[in-house]
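Scrolling down, you'll hit the structures one after another.
Shared between the two complexes below is chain A, which has chain B as its partner in the first and chain C in the second.
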Partner chain A sequence: MAEVRLVGLRKSFGRTEVIHGIDLRVEDGEFVVFVGPSGCGKSTLLRLISGLEEATSGEIWIGGREVSQVPPAKRGVSMVFQSYALYPHMNVYRNIAFGLSLAGASRADLDARVRAVAEKLQIAELLERRPRELSGGQRQRVAIARAIVREPQVFLFDEPLSNLDAGLRADTRVEIARMHDELRATMIYVTHDQVEAMTLADRMVLLNDGRVEQVGPPAELYRQPRNLFVAGFLGSPRMNLLEVQSGEGGLLLPGGGSIAHSGELPRGQLTLGLRSEDLHPTSGEGVLRGEVTLVEELGETRLVHLRIGDGQSVIFRHRELPGPRPGDRIALDADPERALLFDGNGERL
Partner chain B sequence: MAAAAHDSLTRARVRTAWLFLAPMLFVLAIVALWPLARTLLLSLTDASLGAAGTARFVGFENYLVKDDGAWYGLLADPLWWLALRNTLTFAFVSVAAEVVLGTLIALILNARFRFRGLMRAAVLVPWAIPTVVSAKMWAWMLHDQFGIVNDLLLRLGLIGAPLAWLADADLALWSVIAVDVWKTTPFVALLVLAALQMLPEDCYEAARVDGIHPAKVFFFVTLPLIRPALIVAVIFRFLDAMRVFDLVYVMTGNADATLTLSVHARQMLVDFQDAGSGSAASVLLFVVIALLSVLCLLAMRGEVLGRRQ
Partner chain C sequence: MMALARALAFRLLVAVLLVYLLFPFYYAVLTSMKGGSAIFSVDYWPRQIDFSNYARIFSEQPFALNILNSVLVAFAVVALSLLLGLTAAFSLGRIRFRGRSALLFAVLAVSMFPQVAVLSGMFELVRAFGLFNSLLSLVFSYMIFTLPFTIWVLTSFMRELPREIEEAAIMDGAGPWTLIVRIFLPLLWPAMVTTGLLAFIVAWNEFLFALTFILSNEQRTVPVAIALITGGSEFELPWGGIMAASVTVTLPLIALVLVFQRRLVAGLTAGAVKG
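Up next is the complex of A and B:
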């Protein structure tokens, strides 16, 4: 078991820098998820930690050892690839056992280890099969088994669930979480799927264009995003962002409503962020008023699109029955506690 | 009723298939089947190029006949057996060397380095030169008095006196094999390179992270995965090498040391004007290759051809 520390880590491909100086500390036994839009450098960062890519500058510490010049095999990491990277011509048993060296261990020992891991991942009956005779979920388990059997200090996962269908993805997610509880190993997990990130992570690292935007527990990133990028990336539907004017004693909303605000605020135009679940229909005046343009039925709730004038619109989550219909006029109250304010540079106030 | 309709549909399809195949079967019949049949017939006669029209049917006398307690015919001729041995030696050694060297070169060309594209093109040059041209070129380079090979080796002090690469009975076959290897390795290298480029890159990254020794990766991952391509290369090259003619004939003529089955057949037919025995030699070559092909196919069954999906 080991902690992982990145110090001023940079990576360029040719003349293009794709990782712009990353500092990060992953605690021993922690489950950290790198999340961010496609192309932001998640895989590259993971490959730098594994040693598959060489850093242009900066330091990588694993378990108190600086490893940026150490070959991948000696870093004590195991990696699970998005494509599973199973050897197509070997059966499951050989796939799992291939990475184990005989050094110091007896053949019977290795055999016992392979079978124990296969048992744990419920693939013991599949040991004789080739990868092409397995389903996606089974291949995924074999890939994880191969990573576990080496008993690494750190597990690295690169979008391991993205080739699975939705149901299987949810199941496997739960299993990975359980596996982490059981092994207590340090895990670094890359995904572009925020649901996966939020559900699995002890802490999330939100990356954007080769930089860290924010690091913290999922709830913190969701409730207290540091800037507009984080606010907009997390949450579905996306956070409602409204142009508001700050003035004496409060904020002036589009359509004439206002929200009281205690504390100092810069004067002028600000951006107000309200999540869909923090807006509630009211029979009173409300702070936002508008006309329903679209209702998206989700089953237990529905998303209602409301045009509030000035060409702006908001989406709120409606729970009660019956739901509104397009054309209805609705007033909304906002939870002032939950409202987020961003300045002209997109930083949260 | 439905079955009947299905049957007639199948029959119509089969008819269409034969229709499409007919032109090719016709062409094959006149360019392959007819000459083959003629050769087979000629081999059963005492036809001679000098005296056309006087051929007499002699049965299997050209192949093997017992007369006055002694055996005659090709199969009793030590020269034919020598040619068979030379041909097999040539085929086995050259194909083995070409596959090993070709794989090595393919591995190098598959690595990332500068000027890789240029190197890939350069490797193909020996393959692109017409065989007769490269045979003549090498015959000059291997010339015992004026050849550059002897000159170089002498200057480097590796040999004390010039060697007769093509005239010396102990060296000639090996010289011819070396030139064939030089000429044909690129073909194997290209086949293997194509296979290497299809390999799953992520498996190699997984092996790197797992710390598997490169030699182990080569023997347990790369080699099994390029096996089908290697087998195709071996079959192609082997059947080709069994028929070798131009290279040998240009470099060493009819010399016993390098006499192959094809050269031997030509000698019978053209030099000795013996159409009967020459045809018999050709038929025997055909039989040998056919036998080896069947053996190859049996050994590789399920491996390349009927590979189950």
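Up next is the complex of A and C:
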């Protein structure tokens, strides 16, 4: 097992630079998830670590060895691909054994390792089948078996669940988490799905446009986003972002409400971030008032869209029954400690 | 009633098509079994089954040797075309480099010239390499017909293969040669059979180069040998023998197509739908 360290890593395709100098340290045995909108460079970053793409500049250290000039198979990494990428013309056994046989493993050793991995992933009875005779979930297991059998120092996952249907995805997610507990291997996982990222990650790396926006445990990114991008990317529904004026002793909200604020604040226009679960209906004055425009029923809770004037609206999570109806006028209170403030550059204060 | 009429019309259309396609070959078979002046009477049904024409083509000239020559040339052309085609397709389909599409179109452009246009230049090349009157000259020259379509077909098939399979193999430690032999070759097998068969047919039937580059009877391939079959006098064209020879050399092709039939259809349609 090994730690992974990236130093000043850059990648250009032609004249376009897509990775703008990334420094990152993934601890031994850690589960790190790269997440970000499509085109943010998360897959490219993973491919740089795997060796499928060559870095334009910078260093990649795996287990105390600088590997940016080392061919992929010799880096001690295994990769699970989005489409599984099983060899269609080989049966499951040969799919798993291919890498070992190329590495020159003895027949007995190879056979023992393939069977042990197949046993562990419960695909022992499928060894003679071809990939096209397997279900999506089974293919996924074979792909993981193929990665495990080489006993790599680092596992790389490139959106491995996006081809599975919703139910199987949740199951496989749990299984990957269990596999990580069992193997205690360093894992780097790329996804655009924030639920996957939040549930699996020890630490998340949120990328945007080839740069790291924030690194940290999922709860930290959720609760203490460093800037507006992180705040807006994580959480569903998106965080409510309101234009507010800071003045004497507090913040002036659209619609006339105000929130007291103790700390020093720059004067002028700021952005206030409030998550939908931090807004509560109140019978009193509240800080925000408006008219319900839409109610999205989720069963256990419902999302209520509230127009608060100035063309702005907020979404809050409503728990009690009965829910409000479109046209109702509602006042909301906000948790002042949970409220986030961002300056004109989008950085959190 | 309408349905019956429609079914009948369809059968009729199929029958017309079949007659159109098969009649010339049928007539060749028919003629090959006639002897003497019977050749000149028009018959649509066999009156006699006489294989003496077949026997004669093998006894009056080295026809068995000609067939062997053709087999050697055709198999060599197929093997070399597929080897070069597959490796070229790998680089043209998988590796990004400057001038890739220019190269691909240059390959295609080669096949646009009429055969006669390249004949004299090819003759100079053949002589320069010292291949004149050798079967190697034919193997060498036939590649200008077979390589363009072999490369194009295999390249387009190669592009259809998911890139991740190749990348998985690279992660597993496969080098370029292992990739080609153990991943691409098995996956492209249907396309290889199709292009290989087409290359075989081209090499088997080629006439002009075979006539020009080969001097001696013992080195000739089948199409030229058939054209040079002579009768008892210079005024007699031995149609019976020519037809017998033609039928004889068509049979291996039919056999090949039948053997590879299923692969052939798979190769022609694969890549049309992602699967």
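Simple rule for what comes next: the second predicted complex is superposed on the first by the 343 of 349 C-alpha atoms of A that agree within 3 Å, B and C clash if a C-alpha of one lies under 4 Å from a C-alpha of the other, contacts with A are read in each partner's own complex, and residues count from 1 in each chain.
One rule holds for everything that comes next: contacts are C-beta pairs under 8 Å (C-beta built on N, C-alpha and C of every residue); 3 or more make two chains touch, one makes a residue touch a chain.
Please read all numbers here as calculations on a predicted model, not as lab measurements.
Student: Here chain A is shared; do chain B and chain C fit on it together or clash?
Tutor: They clash.
Student: Touching A:F98, do we find chain B (first), chain C (second), both, or neither?
Tutor: Touch status of A:F98: both partners.
Student: Looking at the overlay, what does A:P37 touch: chain B (first), chain C (second), both, or neither?
Tutor: The answer is neither, since A:P37 touches no partner chain.
Student: Name the contact category of A:G256: first (chain B only), second (chain C only), both, or neither.
Tutor: neither
Student: Just chain B (first), just chain C (second), both, or neither: which does A:M79 touch?
Tutor: Touch partners of A:M79: chain B and chain C.
Student: For chain A, which residues belong to both interfaces, chain B and chain C?
Tutor: Common to the two interfaces on chain A: residues 50, 52, 71-74, 77-79, 81, 83, 85-89, 98-99, 146, 150.
Student: In their complex, what parts of chain A are in touch with chain C?
Tutor: 50, 52, 71-74, 77-79, 81-83, 85-89, 98-99, 102-103, 146, 150
Student: Show me the residue ranges of chain C that touch chain A in the complex, using the header's touch definition.
Tutor: 162, 164-165, 167-174, 178, 182-183, 186-187
Student: Show which residues of chain A lie in contact with chain B when the two form their complex.
Tutor: It is residues 50-52, 71-74, 77-79, 81, 83-90, 98-99, 101, 146, 150 of chain A that touch chain B.
Student: Okay, in this complex, where on chain B does chain A touch?
Tutor: The contact residues of chain B facing chain A are 200, 202-203, 205-212, 220-221, 224-225.
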